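One chain, chain A, appears in both complexes that follow, with chain B as partner in the first and chain C in the second.
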Partner chain A sequence: MITQHRIRRRMAATTPVLLALLLLAFVALTLAFGDRAAGRMASETLIRVTLVVGFWIFAGNSGVISFGHAAFACVGAYVSAWTTLNPAMKATLLPGLPPALAEAHWHVLPAALTAGLVAAALALGTGAAILRLSGIAASIATFAFLAMVNTIWANWTPVTGGTSSVVGLARYVTPWVALGWAVAAILAASLYAASASGLALRATREDEVAASASGIDQYRHRLLAYTLSAFFCGVGGALAGHFIGVINPDGFYLSLTFLMLAMLVVGGIGSLSGAVVGVLAVSLAVEALVRLEKGFTLGATTFALPPGSQEIIIALAMILVLVFRPAGLMAGREIMLPARWVTGRGTSQN
Partner chain B sequence: MAKLGIHDLAVRYGKLTAISDLSFTVAEGERLFISGPNGAGKSSLLGAISGAVRAAHGRIEMDGDILSGLGPERIARRGLSMVPEGRRIFGGLTVRENLMVGTGIRRDRAAVADDLETAFTAFPILRDRANAPAGALSGGQQQMLAIARALMTNPKVMLVDEPSLGLAPKVVDEVYDRLCSLQALRGLTLVIVEQSSTRAARVGGRMILMRGGRIVADGDAAGFAAADLLSEAYFGDPA
Partner chain C sequence: MSLQLLFDALSLGGIYAIAALGIALIFGVMKLVNFAHGQFIACAVFALILPSTDAVAALGLGLLPTPLLILAILGFGAGLAMAAEALVFRPLRNASPVALMVGSFALGVALQNLLLVLYGGRPKAISLWAGLGAPVQIGPAEVPLLQLIVIAAVIAILLALGLMLKRSRLGLEMRAAAEDFGMAQLLGVRANHVISGAFALSGALAAVVALVMVAQTGVADVRMGGQIMLIAFIATVVGGMGSLPGAVAAGLAIGAASALLQAGLPDAARPFRDAFLYALVIFVLLFRPQGLFAAAGAKPRV
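Up next is the complex of A and B:
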């Protein structure tokens, strides 16, 4: 006999598979029926899935909103630029790089992994201080961290190029590359959520006092999730850089922070599926609005939304979701196969 | 040797003294009720023992090891578990997840499955609702869950803060029934904060009566109901 519990576990195991299939279908449909701009939108969306799913590993399980994750993307993007750019170019653009980095000319995959690892190491170091604070204080500290990283990056000109952009990153990020990383992030996120640490962290989200009375060391689990979370944001930042080919510190500052938060709120912070669905919903809405801003012709007249309406409408959408569906589109539920699909044939369902 | 020893304990919140010069011991397997009026320091006492509240002074020992100064999570790992006031279950997690949370600190993985079975046998309603969100349980069921959750850390000593709070008398009967049979089954040492001394007398055990942060009486719970000590503690002049 299959117990209820086994059925639940099998159902939960279908979530990452279904989410991966959803993204696969999204890429396949966009490439099959969309134009070039749609293909670019697909890559961009999947990079955001990596970023937001990474973000969710921490924010979703701990219930602590972080404003600092765009900083991990920033660090990741620059680490990948430092390690992959042509040394001749770095000599002129970034004269202050230490010799080891100045001469580095790595392949993009080890560079992306290193980007994630450096972001994770930074999270481990800063999180050790920030995550000892409770809820709202921790959130504000992450915001201060974001501001610090941005200021350092904007002013450390010999190493980061300052506010002027670093150009010439190899543009290797196709929708398929982005899909690979997005699926990797989803797998890692669902493994973490199913782990003992993930459960412990969700318990602290529900009630800190009761969790510590159950022997849970909140700080340790938060730090673990923060570090893992930063890894995928670092990778996401590297992908973003190699997608456009140009990076500058302000590309990883307030607007990215807002976008990541908006996506998580719209989809619902309570589940991994919410994070993925939120990215898809917001990205598709943004794409539609961008096209409307460019204008479309109907008969003899051309209609166009005033420029900037895209940001306003996304912000409005976020407010509407908060008002009418505060738990987000997925309301904390996961996409999973129904019980009768996972029990197998001829098994009773008691 | 006493299972649990409290020596010269004092707890202060700023200038306010909640507990002063409190000393008592609890024997292994004993059932001790802490009673007294509001503000007597009962919850502060449990908080200090479990590590949730920092003691201003004094020493708390379990099996001769000093607990005072450790955080609540480290004390839980030593085998002292707390069922907090107001139950404080993890409402957004399922009943089963609530139970599994406490097992994260354990190394004896095989025994965890046995304990889960024990919990489900003791509280069949939890088995029926295992996959439901804990927040959807009734008050009495949540109290059972809070007790079962504390048991999952495999404690030797369990502190229970006001298990009867906000529950119908019949449900309270049931909660105490289960609590007592689990105590017998596991050889637990129980320390229970209970406002109602008649309830404590009916369940049976030792009782400490507190007032103004001090112990005013200590003895068999059944004896208290008859004596005038209670009305003295609740209505008499402050000591």
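Up next is the complex of A and C:
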């Protein structure tokens, strides 16, 4: 006899598999039919999947919006730059690095893992303070954290290069590398969401008072999710740096925060599938708008949107989603196989 | 030297208090953390000049005689905030505070990029009231005239706002709405009226901040509202979300801390002043997570 609970668990286990297949199909289709720009768009989109799924681990499960996750991406990108750049180059670009870092010339994979771990450690330290606040106040404190990291990174010139960019990062991020990390993030996110801690955290999201009356320590679960989520944002930041090859503190500030938030809201913050679908939908929309800003020819005339209209349109779309479909495109549902596909032969539903 | 520091602290803290009041007023009536407030400030600055992407700004509204100009900019700020309320926040009236906050963030991004499209990304010089930089001798200290005007204006605004909240009907309704919105509505407080009023006041306060910033820096920059909005947020959190006296007190305290850090930090650490300030605030919140003056409605009732 198979219980309803077992069926639910099996259905939930199909979600990460289906999402990974969706992303695989996305990469295969853009590489098969798209131009070079489409290939770049595919890598960029998958890096954003890593970032936004990481962000979702905290924001989706706890219901607390964080504005600070772009700061973890910033830290991740710089940690990877510090550990992988050619030492001769670091001596001229970043003369203030401590000797151990100045001589480091690591392989990119341990560098990406370290980027994630450093971001996670930073989240553990700052989250211990920030997450003691209630929901909205915690959001504002994460915003202060973002501004703090940006101020430090823009002024600590000997170590971070200040507002001038750090150049020369190895550009190893192909769509396939990005796909690997995106799938890893999705797996981790769905494992966390299915864990006891994830369940407890979602209980606090639904009703803080009832959850704490049931003996749930909200602070501890929030801190765990915050740390895990910062790991993937740190890795995502490292990937973003190694995708463009150039990093700069303002590349990981308000516009990235806005983009991550827009993706999560459009897709729907209530489910992991919402986060992934939101990234795909917003990335495709941004790509279309960027091409429109460059101009297109219809008959004899060329039309072009004024530069900057892309952000305005995305922002307006975000407001419209909030008004007319507050739970986002996926409305809190997960993409999963129907119950009769996972119950196996010879078992009845009841 | 120390008298100079006092004036620095008072004028900076006063501006932070005005900005924090603009945030706290709206949070009080509709639990909205208005992330578009910084862009209201930036829009009020750019309303002074004509839209163009040239490097040199041509004054538009800025050409009016001073009293008219102040009225016009205050009116512009109030009108912009009321329009934002009617178009964006009224449809979201019943949404959760988180959705409201995200919506205001999106509105802020839209406004900022609208300014970028209309005016271009480069900072522009605006020469408005150039005479206000002249120093005035007070005892041993030389204080810029502008600082004295700012301090006087802040005191006047706080008194006027306090009287309005205590004595006028709209003020009474606003305080009632901040206490318990549902109950206030049942007792005949018109929701649209109160919320529009709060937005108009908040927009006018944003315009005050804009005028002071233009007079201080002489520059119009698309990003100029961001930093002061963040300080204002921090002040509302430190003061206790929704508490107006708390917002003012915390704004003044942050201004004082900022002036002290500016004077006391060694030269090498000065660029990191704001980072120290934010760290200090997070540290304060460790000991009083509910803020200095927690409002009555801040704790969830079961």
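Note that in this section the second predicted complex is superposed on the first by the 349 of 350 C-alpha atoms of A that agree within 3 Å, B and C clash if a C-alpha of one lies under 4 Å from a C-alpha of the other, contacts with A are read in each partner's own complex, and residues count from 1 in each chain.
FYI, a residue touches a chain if its C-beta (ideal position, glycine included) is under 8 Å from a C-beta of that chain, and two chains touch if they have at least 3 such contacts.
A quick note: this is a predicted structure, and the numbers were derived from the prediction, not measured.
When both complexes are overlaid on chain A, the residue A:338 reaches neither chain B nor chain C. Once chain A of one complex is fitted onto chain A of the other, the partner contacts of A:199 are limited to chain B, with no touch recorded for chain C. Judged by the touch definition given at the top, the superposed model places A:4 against chain B, while chain C stays out of reach. Looking at the shared chain after the overlay, A:209 reaches both chain B and chain C.
Taking chain B and chain C in turn and counting the residues of chain A each one touches, the greater count comes from C.
In the superposed pair of complexes, A:99 makes contact with neither chain B nor chain C.
Of the two partner chains placed by superposition, only chain C is touched by A:147; chain B is not.
Note: residues 209 of chain A belong to the chain B contact set and to the chain C contact set alike, using the contact criterion stated above. The part of chain B that touches chain A in the complex is made up of residues 50, 52, 71-73, 76-77, 81-82, 84, 88-93, 96-98, 100-102, 104-105, 130-131, 146, 149-150, 152-153. Listing the residues of chain A that touch chain C in their complex gives 63-65, 126, 129-130, 132-137, 139-141, 143-145, 147-148, 151-152, 155-156, 208-209, 254, 258, 261-262, 265, 306-309, 311-312, 314-316, 318-319, 322-323, 326. By the touch criterion stated above, chain A contacts chain B in their complex at residues 4-5, 8, 196-197, 199-200, 202-203, 205-207, 209-218, 270, 332. Chain C makes touch with chain A in their complex at residues 31, 33, 88, 91-92, 95, 97-99, 101-103, 105-107, 109-110, 112-114, 116-117, 226-227, 230, 233-234, 236-237, 241, 271-272, 274-275, 278-279, 281-283, 285-286, 289-291, 300, 302.
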